[in-house]
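Please find the structures below.
Next, two complexes with subunit A in common: one pairs it with subunit B, the other with subunit C.
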Partner chain A sequence: MPKLPGKLFRVTVLLVAFGSLYLVALHKHAEREEIRKAAVALTPGCTEKLGRYGLTPGEQYESPYVAQRAAVRTVARGYSEEDVRAVQRGCNIVDDSQGTLASEPWRERWNAKRFIRGSHASCDHCHRGIGDLQDASGNRLPGSNSLAASWTMGDMYDRFTGLLLPYELRQMQCYINSSNGFKPNLADDVIRDVTAYSRFLSGALDLKIANHYEEQGIDEIPASATLKQGDDYIRGEALYKDKCQGCHGLQGLGLELNGQLIAPAVAGPNAWNLQSRNNFYFVSTILAGFICRNMPPGQENTLQHQDCRDVAFYISNLPRPAGDRQGPIAALQQQLFMAVMPPLLRLSGSSKAPPPPLEHASASTPEKVRVENAE
Partner chain B sequence: MDPGDRHEERFGYAAIARAPRLTALAVIAAFLLWAHFASGIPVFHSDVSSERGWEKFRADYGIGHFGSDGQFVRAVQNGYNLFFHTYKYAPRFTRKSSADPVNSCAACHSPEDLAYSFVNSDRFDPRLGTRLSFEDRVRRCYVASVDGFVPTVFDPAVRDIRLLARAVAHHLQLSEGALRTEK
Partner chain C sequence: MKALAIALRSQALLWQQWPKIGGHLVVGLTLALVTLPQAVAFSVTLAGVPPHFGIYAAIWGVLFCAMLNPSPVFHGGPNTAMSAAIGVILLPTAAPFGAEYMGLALTLGLMCGLIQLLFWLIRPLGRMLDLISEPVINGMICGIGLFLIFRSLTTFGGLPANTEVEWPLWIAWHSFLAILEVGNLHAIGIGLITLVTCAVLQQFERLRNWAILIGIAAGTLYSQYLSARLGLENTLIEQIGNLSSIRPISPSVPAFTQDALPDIIAIVPGAVTLALLGLFQTVAAMRRMSRKAGGFTDSRKAIFADAVSNCLLPFVSSLPTCASFNRMWLVHKLGIHSRITIAASAVLLLLLVLFFARAIAIIPMPAMAAVIMLLGANMLNWEDIRPHFKNRRETVVFLGSFLSVLFLDLFSAVLVGSALAIAYSKWEQVNPNVSLRGNVLKIKGNIYYGSLPAIEAIYHDAVTRVGDLIVDFSECYYIDPEGVRWLAAAKASRKVGFVDRRSGQNRRSVVLTASERRRRDRRRQSEF
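For the complex of A and B:
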């Protein structure tokens, strides 16, 4: 009998603990529902993009882009107010994953930052043009890693994972590797809203399901697209110092001014990890393709293929975090490198000689291989 | 006891000790061979059973466009089996049997319905007050229309139906939010 009060006490504590957790869950669900119903403050980029594509609630949707470019009317199912808000939130997440432009990032971006390590990574850094890069005339650019084209090719065989990879799992891979972060739940609003935005883009551009489009993925640059002189660390370092260091810094750690990100890190704790497809040692062709296509800003497509491979090779040799499946020893080793290398390099950091002249293959007739699922 | 006896004794014990292990190994090997070649249970092999009508469906909807025997085509074929013979290929998720008149997705839907539903998914459903993905709709069908249980979104019973819908949508050249004009 004297044991009864003790048992009663323990049972009561357990019930109170579980009840409290249940109440917290209810509160969080209500909070999420409230955020879903709240008006969305768009980033300047999303205001322009979604305005140009005529995203408004309505029974039917007609794409101004298609009407203007193809001179045909395409009438599709319209978007409800809830759908419009989901698309807007998705656009915001792609444009500003870290929420630096938001007054309340944890509300306005579903706190996407909790799935990202470091303060630099954002979807828009790889999926440029908020996932839909176009030139001044509105032409979609080949190899621009378009989210719209990527959505239409979702569920297709992915040669890196060996899976029929759904679009949602691709997003997870981006969070884990390219953002060196954590995996959101498949049903998390962070994932679903970006899917909604990508689907809207594919509708606005009138892309057909499972068709292959030029703007999907990145123009890969294999060694066969060069004169096969080998990827050179020294040449890459000299080129990096000449072309990239001004923005990305001597150590590739990126550049921030007054809390604003000017250029993202390409090495160090804020960069992608060793298991990202951007890493030369995992896939040697993707980062080189991205560099040739997009860098340096204002001088895109000016670097030769071998230059891009050399720079990619050099960048991938700078210390960066280990991937989540590489185990604690690799993680420790990379952390050690990231802590020790920058001061050592700073001490010995004298500028190297300019790159030796290189007989290049013609840049205008490259052999390029397309990749369908670059992160 | 001389050393020879001890040796025989040891040898005898060792043989006796080995016998159950060998038997266990033989049983495991026999099970694996049976599972792979003779059981007919889909989870044990990568082939997909070819149901009646598949070859015509494959030709009609241009599924071969994705390759002769790729993962995608096999997944679509499994989706075809699930769609037309749900009670047979997803018995875990339905209480229906071959005797029931409504025992498959095809009893209510056509492949075209599926494709249009796919390109119109991830939209707000005013009746339910939430945005529904295609997978959510398939799961709801398992529960309600075929009187069964909810698969996870990762289950092939859901995933392969989505792949079937995607393949048909590709054949029809549908884009996001396509409206169905003919019935």
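For the complex of A and C:
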């Protein structure tokens, strides 16, 4: 019996601790529910995009895009107010994952930043055009990493691991590799809203489920699409300095002005990690394809295939974080590289003579490229 | 009449022995119920094989170990680290859950058993496993305890598991936040009811053995109440599910076809890792728990039991087995140390799966997660780890092992902890305690190739400063051939005398220098 007060104390502490946790959970759930019901402040990009696609609550949905381009009326089941808000939040997350345009990022972006390491990565950087890249005439572009086309594939077998990946798990790969961050839980709104947005896009563009569209993924550039001269780090460096350094910086660390991100990092702590498929050593065709398709802004599709592979090769050699499955030793090693290499490169870069102009013929276009050192 | 008398006598015996038998049954049932969700979860989420692989490991693996391993606290069966290792080793070879993958999983298990058999046959290899010190084991136990809590968080909150493998602390933190923000409140309620019931009942000695069973029953009742009121389609509570397809035994043959040969060769290094992973845990867990229970079991017997079990299990569609820290901890906590209880748990699990599959099917997973979390919390026992903080070296070894579980994995924890412990013991050996008092140079420790430089430095300094130096190596417990040669050379130089009292009879054996000899002769002459 003398032990009774001790036991009572322990039992009370347990009950209070667990009870408090349950109350906190109730409060957090109520907060989430309130956010789900609140009106959504759209980013300028989303206002334009969702406005163009006529997203409004209603019994039926008819896509203005399809009506205008195909001169066909496609009437589908409409969206509830709850659906519309989910699509709007999803669009905001894709356009501005870091929440720089939001007044309360943790509320308006479902804490997406919690799952991203660094201050640069945003879905829109790879999934250009808020996941739906089109040219000036409204034509969807092949190999533009479209979220709509990606969603129509639904669950997809991963071509590297052979695992069946639902759309939600594919988003997680973006979080852990391309954003070098953490996996959100499958049930998290941050995943569900992006899925809702992707699904809406596919409806608005009249893409049919289970079909493969050219906009899905990136039109990759394998070595066979070049003259097979081999990927050249030195040429890649020279090209990078000529074409990319102005925005992405000498070290590829990105460019920020007055707190605004001008160009995201392609190396260093804010960039994708070694296990991302953007990494040339992991998959050598994806980053090259992205560069040819999207870079430099305003001069898209001007680089030759070999140029893109060379630049991708060079960029992938710059220090960047280790991947999720590479373990703490690799992580430490990469952190060390990221701390040591930039000052060393700065020193060597400032004293280095400009490389000689390069001459090169590629498979795709015969003209020669003159590369001048930007230093 | 005779038959009636025998029946009456056996009934009386049963009645007398009932408290003991009842105790075995309660503990066995608790163990069976605790093992079941682990078996399902480990096989499906970690190893990438159907749930019956884990269940057969929980039945046949436990039974084989109970029969072959003489330790009364040893509980085998499916293991987290081994299951995870199987998933990682086989991922590059075939798609999980496929026929090819399952065949290779069985081959991997068999190779693991054969390699473990080598550890039993080659005695020095087996002895190497004894180099895991107590702080390493306790560090692992605490790490595994926390790991179990972290792993169960998502199931506790009714959420899908986070499949991220690295940075468990971050994943745990994110999972905790996910429970608070988007967790299934019904699941959390069931988990909390189970957890509170178990934790409260555990405070009372009489109810301790019943705590987990009552906790699971309370969680299941609440879950059934919710389902009746709201419908399972609204509560979305995950349950153990239908296991009625399980048979008592499911014969299988590991894949050894010519087609599979390249894959089999590719997984040989993985099989070595798997074998070591199992043996390290078995030896460490058995030694720790046997010591806590006040007994001793030769680790070679445990190696033999694991090896033979793992050679047999691939033929009954089972995952490989090794010691389970958490279930052995539970056996110890429940206070019944007996192989009968362990074997009873396997038999009871088989009976449950065969005859009560429908009743088991409704047990909610959050309740099982709560039980596993409680087990994890019980493994963090301050009384056990406090002694390690009284010695700096033990503290470092303990922390090294503990943090390695959290930041690396179990296997690395064993390696890091053992490396630290061996490094410390080596450091102690290469730095013997050498002191000069008067003209006596006393060496405590080893005289061997590693410590000689340290001894020589002080010896040469003493020789130059002190005349008639005497080297006392009475407290040396090991002198290697290089040390003997050094001592012979020192003696040959005739600058020193030696004292060695290592016979233990206080007998003095003195090798005198020339001047000492002269002094002794003079003393004897005067005495004479």
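Please note the rule applied: the second predicted complex is superposed on the first by the 349 of 375 C-alpha atoms of A that agree within 3 Å, B and C clash if a C-alpha of one lies under 4 Å from a C-alpha of the other, contacts with A are read in each partner's own complex, and residues count from 1 in each chain.
Here, a contact is a pair of C-beta atoms (placed from the backbone, for glycine too) under 8 Å apart; a residue touches a chain by one contact, two chains touch by 3 or more.
From a predicted model like this one, the values you see are computed outputs, not experimental measurements.
Colleague: Identify whether subunit B and subunit C fit side by side or clash on subunit A in the overlaid structures.
Modeller: On the shared subunit A, the partners clash.
Colleague: Does subunit B (first) or subunit C (second) touch A:Leu186, or do both, or does neither?
Modeller: both
Colleague: Does the superposition put A:Asp206 against subunit B (first), subunit C (second), both, or neither?
Modeller: first
Colleague: Could you tell me if A:Asp242 is touching subunit B, subunit C, both of them or neither one (first, second, both, neither)?
Modeller: neither
Colleague: Applying the document's definition of touch, where does A:Lys7 land relative to subunit B and subunit C: first, second, both, or neither?
Modeller: Touch status of A:Lys7: second partner only.
Colleague: Touch test for A:Glu256: subunit B only (first), subunit C only (second), both, or neither?
Modeller: It touches nothing on subunit B or subunit C.
Colleague: Between subunit B (first) and subunit C (second), which, if any, makes contact with A:Arg32: first, second, both or neither?
Modeller: Touch status of A:Arg32: second partner only.
Colleague: Once the two structures are fitted together, what part of subunit A is touched by subunit B and by subunit C alike?
Modeller: 186-187
Colleague: State the interface residues of subunit B toward subunit A in the complex, per the touch definition above.
Modeller: Interface residues on subunit B, with respect to subunit A: 66, 70-72, 75, 118-120, 122-124, 126, 131, 133, 153-154, 159, 162-163, 166-167, 169-170, 173-179.
Colleague: Considering only the defined contacts, which subunit A positions touch subunit C in the complex?
Modeller: 7, 10-11, 14-15, 18, 21-22, 24-26, 28-29, 31-32, 114-115, 161-163, 169, 172, 176, 182-189, 324-328
Colleague: Of all residues in subunit A, which touch subunit B in the complex?
Modeller: 60-61, 74-83, 86, 154-157, 164, 166, 186-187, 192, 195-196, 199-200, 202-203, 206-211
Colleague: Using the touch definition from the top, list the residues of subunit C that touch subunit A in their complex.
Modeller: Those residues of subunit C that touch subunit A are 91, 95-96, 154, 159-160, 162-167, 170-171, 174-175, 177-183, 185, 188-189, 192, 195-196, 199-200, 203-204, 407-408.
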